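For reference, the structures are reproduced in the following blocks.
In the two assemblies presented below, subunit A is common to both, partnered first by subunit B and then by subunit C.
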Partner chain A sequence: MSKGTNDLVDILVAKLKRRQLVGSSAVAQATLKLLIVVISKNNWSKANDLLNLVRSVGQRLIEANPTELAIGNIVRRVLHVIREEFRDAEASSKSDDNSEFQSVPLTTSSSMYNLLSETGSDDKEFTHASSNLRSDIIQEVRDIRIELDTIYENIKNQATNHIHSNEIIMTIGRSRTVEEFLKMASSKRKFHVLVAETAPSYLGQQMALELSKAGIEATMIPDSAVFAVMSRVNKVILGTHAVLANGGLVAISGTHMMAAAAKHHSIPVVVCTGLYKLSPLYPHDEDSFNVVMNPDAVLGFEEGDLMEKVIVTNPYYDYVSPEFVNLFITNQGGHPPSYLYRLIVENYDPNDHTFDPLA
Partner chain B sequence: MDPKKKTVGFVPDHDADTTTSPGGSNNTNTVNSPVSAFSNTPDLSSTTNSTTSTPNPAGSAAASSQPRSINTSGARSSYEPMKSSYEEQWGLTPTSRPHKTASPRDGSGFPAKEQGGLNKKENKVKTSGLGIQPNAGSASTDGPQSSNSTSSAGPASAGGPPSSGNKGGSQKPSAPSQKSMTKAERRELQEKQKAEKAARVSAGLPASGKKAAQVLNQPNSGFSPNPSKSLATSFPGAEAEKAIAAAESTGQARRREKLTKEIGLFAHLDPPKFANTALAPKDLHPAVVHAGLQMAQFKICGANARCVATLNAFRKAIQDYQTPPNTTLSRHIQTYLNPHISYLVTCRPMAVSMGNAIRYLKYEIGKNLELPDEDARALFVEKIDNFIRDRITMADQVITSLGLQKIQDGDVILTYARSSVVQGLLLAAHAKGIKFKVIVVDSRPRFEGKQLLRALAAAGVPCTYVLLTAIGHVMREVNKVILGAHSLLSNGALYSRAGTAVVAMSAHERKIPVIVCCETYKFSERVQLDSFVQNEIGNPDELVNDQNNNFGHSSTRCHPSVRGANSGDAASAAAGAGVLTGWRESRDLKLLNLLYDLTPSEFVTVVITEVGLIPCTSVPVILREFLPMMQQ
Partner chain C sequence: MPPKEKVESTEQVLQAVILADSFDERFQPITLETARCLLPLCNVPLISYTFEFLAVAGVQEVFVFCCSHSDKVKAFVKKYEKSSNMKINTIVSQELMSVGDAMRELDAKQLIDTDFILVTGDVVSNMKLDQVLEEHRARRQADKSAIMTMVLKKASPQHRSRSVGDGSLFVLDQGSKECLHYQPVKAFKSTREDRRMTMNMEIFDKHPEIQLRNDLIDCQVDICSVEVPALFTENFDYQDIRADFVHGILTSDLLGKTIHFHEVSDVYAARVRSTQMYDAVSKDIISRWTFPMVPDSNLQVGDCYEYRRGLVYKEKSVVLSRTCVVEEKVVIGANTQIAERAVLSNCVIGKNCIIGANVKIDNAYIWDNVVIKDNCVVQHSIIANDAVLEQGVTINKGCLISFKVTVGANTTVPAYSRLTALAEGGEDDLDAELISDPAVVGATGRGRSFTEAEGSDDEDDDEDPKNKQVNMLAFDMSELKLAAKEQEDSASDFESEASDLEEDQISPEEELDREVAATLDRAFQDGHDVDIAVLELNTLRMATFSNFKEMRKRVIPGVLKHIDPVAKLGSGKTAKEILSRWGPLVGKMIHDEEDQIDGAHVLHRACATLYRDVVQAQKVFAPALRYFYDEDILEEDAILEWYHSEKSQQGTDIEKKLREVAAPMIQYLEQSDSEESDGEDDEEDEDSE
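Let's look at the complex of A and B:
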């Protein structure tokens, strides 16, 4: 890796470690920007070289902050794009060789289309030398970037399909996706939003304030009132930090409680999320993607005498299992949790779920 | 009765006894018509403060020492309406008619009365009230005008649309109807009104004369739903003054709009109440006044504590009570206690526990009508003591001993907020030498669990402290959930501190047993299916994280580091302003501070009572045992 790109990677790693850069969206943007530089500024001739280069960068970024699952997702998307480009290049060179095979091999792995065709996609085939692949790949990665930029647009345009007039909607925490979704809906519909204040981060307070500024009738409730008012709510709309492969959520603390209360009252839970938050990882342990914050927000340090006698926990995220979620609204449309595995297959290569160097 | 009676009784018109206007005499008539030993005419009460039928030197002397003299001009002119809502008071439906009448939505009846009382008796309060008007400087002519218009004379506003002073009925004749005027007169009147309106607008008041009068009345009204204000009325202090200054810096007219921050789904519930002795009838026993104030400020909080405080105050009241002539103690004591009870309701909606205790007391009084005075007094005092001993103190001990059987070595027990019984049980289990761990779950805005945490930590119980949002995170390691109760309803639902339902649901979801500790005297005949029909709304300003927000509480609601931390707004954090500090300014933003919620019976595994471990659906069975008492 060239010195310049190595330094850039170091800078991003440091930012992630210090939590100067947090939040799925910001992290995803930064990762993608870095990867474009890595691909364009480094020498590689074989596919495996490039794949290993991107993997090693991805590995370092992920280790810097393992709870930001969006890093891994973006790296996997890029790897997927690289593989596809190589396959395309290989296919076209093959078809140049013997022109009677006009059909381009289908690139989507593990699709039903491949059931009857010969098994091809092996890493060996990516040793093919590159011609003008570099520009093609960079173009494809830039397309991912455009997709990231238009995610909010794509999600919020579906808002009026999901919100009817005079609805009472409940949400928790502050998610930009949900905020834009609701604001878009408010231009066409009149509805009421209940926001749980989400102690101890109090992001819900900001959310309520922002929504009310946009002219949406917002009521902030303490987290304790979630169950009490849930019976009158028509829909729970949540944002999330990450979506796991089973459809479970890693979302702001308190989401589990709200989703469970909604399930008890049979109220639909809708999750608004960009696809870049969809991770191919499974939650083998509910704590695996959680992060514990400074306890000061829960029990102030001014109560030091009490503090030293008790354990104070301030988890930032909750794991919400998929049975609590009824619908995911992504930039590609609405999907039930049971469909997510399909999106994962389409967007990521099964070889990229871990970033160990390729042979 | 005529509709007037509703308001007249509790909101006696002070103008009525100073000016002999048709309206005034009307009032007197309506009050007088239902003959009662306690319906003083306004005239009487204005001349002699002590004509009320309890010549109780101890009570009234102590009462005057209380800081509640705002309406000593008396004229709680009649206890009659209280008697008419007698069943309501004893039956203890939490809606209090007195308060309803006084709520700001209902117009200006109360402020007018309040102002009248102030002008007459409490010059000090009046001046402070006028002093805090925002435009005292810019509109010096406006000040006198306003005080005039709200007092009985009211020449300044006589020509305008009916002011609140006019509502008192004292000056109806002064403004001739427009129909009977000549054209010239009418024009003159219009000109005059226009000029007045211009003056008001320039002074920053609402253009409408009626509104302006209301606005001017507002600062002195004890019923202003703005908590800092009404609190300040009764408890002047540096903090309160700051709050007033903050409130006054915004326009009066806009404040008027801000006040209607009512949540549609909860519009049927009373707006939050605030400690205000101005509402109290003047001859309340000071012990009851004291208890009421403490409850209103949440200094006494929790079903047991409130019940014991009430009973102790009533015991003192009964001990100091002197029977008026021509009646006996047992026959009259109910009438004597009624205003005390309604006062407690005006302080804070009655707790179920208090209601049941008072019902019991009433039952005992009704049973012993023929006893001689001193015997009756001794009996009632003894009955109160016995109630506290049998139904609360001993019950708690029995519950503790039953609960101890359910706590074993190695248990991880989760509890929510603070219940006195649960605290006693956990401490007893620790004292017994059982090795267990406690997870205290807490929530805003009251952080009641901190008190429990302190007690447990001081005793050396290993504790974990989390907020309610982390319930999903901590519930995994829990193997028992022990909760307190405000009340258990007849359909088996648990009515308790808001957030209890979430805790019970999370436990139920993970198949963790939920144990509720509840004395049988908290059982209620009420049935309720959701948390909406009956509940209590707390002060919404408690939800705002700013520094002015810890009145009545030593514990900080929110640590400074949290304030504005996420917005990265260092300036606002430094100024002590929270994200929501200006929420009353925002048109579409409302805050809901719900105090209780309802946990469905399916979430509760067992209820520990002094009569044993029962399923919560057995509440009506237990209630049957106390049927004679409850049927009162």
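Let's look at the complex of A and C:
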């Protein structure tokens, strides 16, 4: 790797470690920006070289902050794009000399065909380099960037399909996706939003304020009242930090409580999320993707006598298991949790679930 | 390729100065072999936390001042610089003895050309300095004399993260964010100066509202302007930044500089100043108060800690046996092995350690490559790199076990021991042979008990040794034994204190007594006019916020005192002469009937108390009453009222006898009263006739 790009990686790693850069969207943008530089500024000729380069960068970024799953997702998307481009290049060069009728393995894992074929045979093909391959790959990665930029647009355009007049919607925390979604719906429909205040970060307060500024009838309720008012609610709309492969959510703490209350009252739970938040990783234990914050917000540091006697944990996220979620609204449309596996195979290559260097 | 990051080009490079040396000996004997700022705190060198704190604040250039073990610090800084995007310069000076010396050096080298952040190499903090910097710059723009901004953190006085004995008292103006006065507070205030605080009264003139605060952690994070090093050069006796510099600047009228403060509340900031603070800050880090500076952020390159429930942080390469118990608040470094049935709680264990079976570790800090064999017990101690505890060793609380010490099998190390494997005088003479002390480290052990070199602490000779003790690891206030002599000392201290109080603190009443007596004496001696004396007394009355009643109580006896009952006529001291001269003075103190009654009572009591002998008292009282009646100072109604009041009928024998003296006069008054009314009746009768 050239020194310049290495420095850039170092800077991003430091920012991630110091938590100067947090939040799925910001992290995803920064990762993609960095990867474009890595791909364009470094020398590579074989597919495996490039894949290993991107993987090594990805590995460093993920280790810097393993709870920001969006980093890994973006790196995997880029790896997927690189594989596709190589495959296309391979196929076109073959189709040049062979007949057009030869079947081309388009995507590796989405078909049963590859399940039984030897793995690694693909990688051999990737040794071939094409002259305009670099620009093709960069173009494809730029497309991902455009996708990131238009995510809110794509999601909010579906708002009127899901929100009807005079409905009562409940939400928690402050998610930009949900905020835009509701604002879009309010341009055509009149409805009421209940926002849980989301202690101890109180992001719900900001959310309620923003919604009411946009002319939406918003009421802030304490977190403890969520269950009590749930019976009157028509729909729960949630934002999330990440979506795991099983359809579970890593979302701001309090979400699990709200989703469970909704399930009790049989209220539909809808999750608005960009596809870049969808991770191919499974939660092997509930704490695995959580961040435990400074306990200051729960128990003040000033209370010196108390803080020695208790352990205060202040988890920032909740894990919400998939049975609580009824629908995911992504930039590609609405999907039930059971369909997520399909989105994962379409967007990520199964070889990229871990970033160990390729042979 | 240069980093694409946008550097705020309009602003100058933000600089910081780290004082890596602590200039004290609280961590000895461990600091004999390495620098204080390189001690591992939760398995990360202390100075890394400071670097990290500065990096988050956006500092681009750092100067590290170091003195002892400078080669080690330099090597570390060089390694660290590679992984950070700051420019770090190390400045080594063997002559540095204090903060003041470092600042003078800084001034001499002219390294700083803008406002800079001054911190010590043991600060652990997650605060963001941008707001403080902004405030400081804005203040500097408005007023060039604002030379420094101190960052203070609020915490209750008994907070564990407050260094015992390094307390400080701040006098602050919340309006202008100005620090007006500073005083260090010791844990044991053995001398009278320690217990007192002297403040310039002018502070009250300039600031309508001030606060005296003892609930602030002073983590010594300062934003200094370029003048600060220069001021240190000018005042070459300044050593400490707080006790000398801040105190000096604030008490000096000549300099006209001001020092401001910034109070933070929801962030963490503390300094590892002593072993006791090492303990407290370690616990704060493990309890995540310093977030995001926690072990699982892996701020050090190559670390890979994971967070587990119960505040357990573990590297991936740790080998835990099946039956070992890792309780809460534990950090375990890479490649460490924990054997069967070991119990760990509230502790930090470094890299490559081997912990044997049945070992119990509580509250201890075990650094890298330590071997603890089976059945050992370690409580509330620090065990440095490469130490070995053979089987069955017990380490009691408060021990510091330095590098490469070996404690032989089945030895019990008493509480608060300090062991080193460094030969006596080994600092200078590397060839000196270590003479192990089997009494301390056991037969097969290696090491000796460490005692502080004599006279090493000459500056602090006058300091109470107890103040050193309180900073020790695991120090328990209740264990402090006061020797009999000390108790006597402190008792006599209190006595002298009490007598001081009598002398110095006079109640306002006593003050008035004294003043009135002095005024009257002066008036009698110098023969003032009554009017002048009255004027003086009235001024006095207003100055002391008292009333006429209080004045009468003092003036009447004051006048009567000058009467000599046995003096001959013409000597100027008989009752008549004195009263005719000074009587009007009393008159000025009496205005209405109530005053008159009160005046009669005062006169009565005064005569009774001034003169022991009844005869003498009568000789004064009778003419005085007569005089006051004649002069209409006391009118007849008032005198009658006094005479018939219950208060006058009670009292001492003398008082009773004096009242009897008044009886003929009362009789006369009553008669004349009735005569008058009779006369009137007669007249009326005559008229009617």
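In this section, the second predicted complex is superposed on the first by the 341 of 359 C-alpha atoms of A that agree within 3 Å, B and C clash if a C-alpha of one lies under 4 Å from a C-alpha of the other, contacts with A are read in each partner's own complex, and residues count from 1 in each chain.
The definition used in the following text is that a contact is a pair of C-beta atoms (placed from the backbone, for glycine too) under 8 Å apart; a residue touches a chain by one contact, two chains touch by 3 or more.
Predicted, not measured: the structure shown is a model, and the values here were computed from it.
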When both partners are placed on the shared chain, which of subunit B and subunit C touches more of subunit A: B
Which of subunit B and subunit C A:Asp7 touches, first, second, both or neither: second
Subunit B versus subunit C as contact partner of A:Met293, first or second or both or neither: second
Subunit B versus subunit C as contact partner of A:Tyr319, first or second or both or neither: first
First, second, both or neither for A:Ile163, with subunit B first and subunit C second: neither
Which of subunit B and subunit C A:Ile311 touches, first, second, both or neither: both
Subunit B versus subunit C as contact partner of A:Arg18, first or second or both or neither: second
Which of subunit B and subunit C A:Val250 touches, first, second, both or neither: neither
First (subunit B), second (subunit C), both or neither touched by A:Ala30: neither
Common interface residues of subunit A - those touching subunit B in one complex and subunit C in the other: 287, 296-297, 301-302, 311-314
Touch list for subunit C against partner subunit A, complex: 1-5, 52, 55-56, 83-85, 126, 154-156, 158-162, 265-266, 268, 283, 287-292, 297-299, 304, 307-311, 328-329
Touching residues (chain side subunit A, partner subunit B) in the complex: 192, 194, 197-203, 205-206, 208-209, 211-213, 215-229, 231-232, 252-254, 256-257, 260-261, 264, 286-287, 290, 296-302, 306, 309-315, 318-320
Subunit C contact footprint on subunit A (complex, rising order): 2-5, 7-8, 10-11, 14, 17-20, 41, 63-64, 287, 292-297, 301-305, 307-308, 311-314
Of all residues in subunit B, those that touch subunit A in their complex: 263-265, 443-445, 450, 453-454, 457-458, 462-474, 476, 497-499, 501-502, 505-506, 509, 530-532, 535, 543, 545, 556, 558-562, 566-567, 578-580, 583, 586-594, 596-598
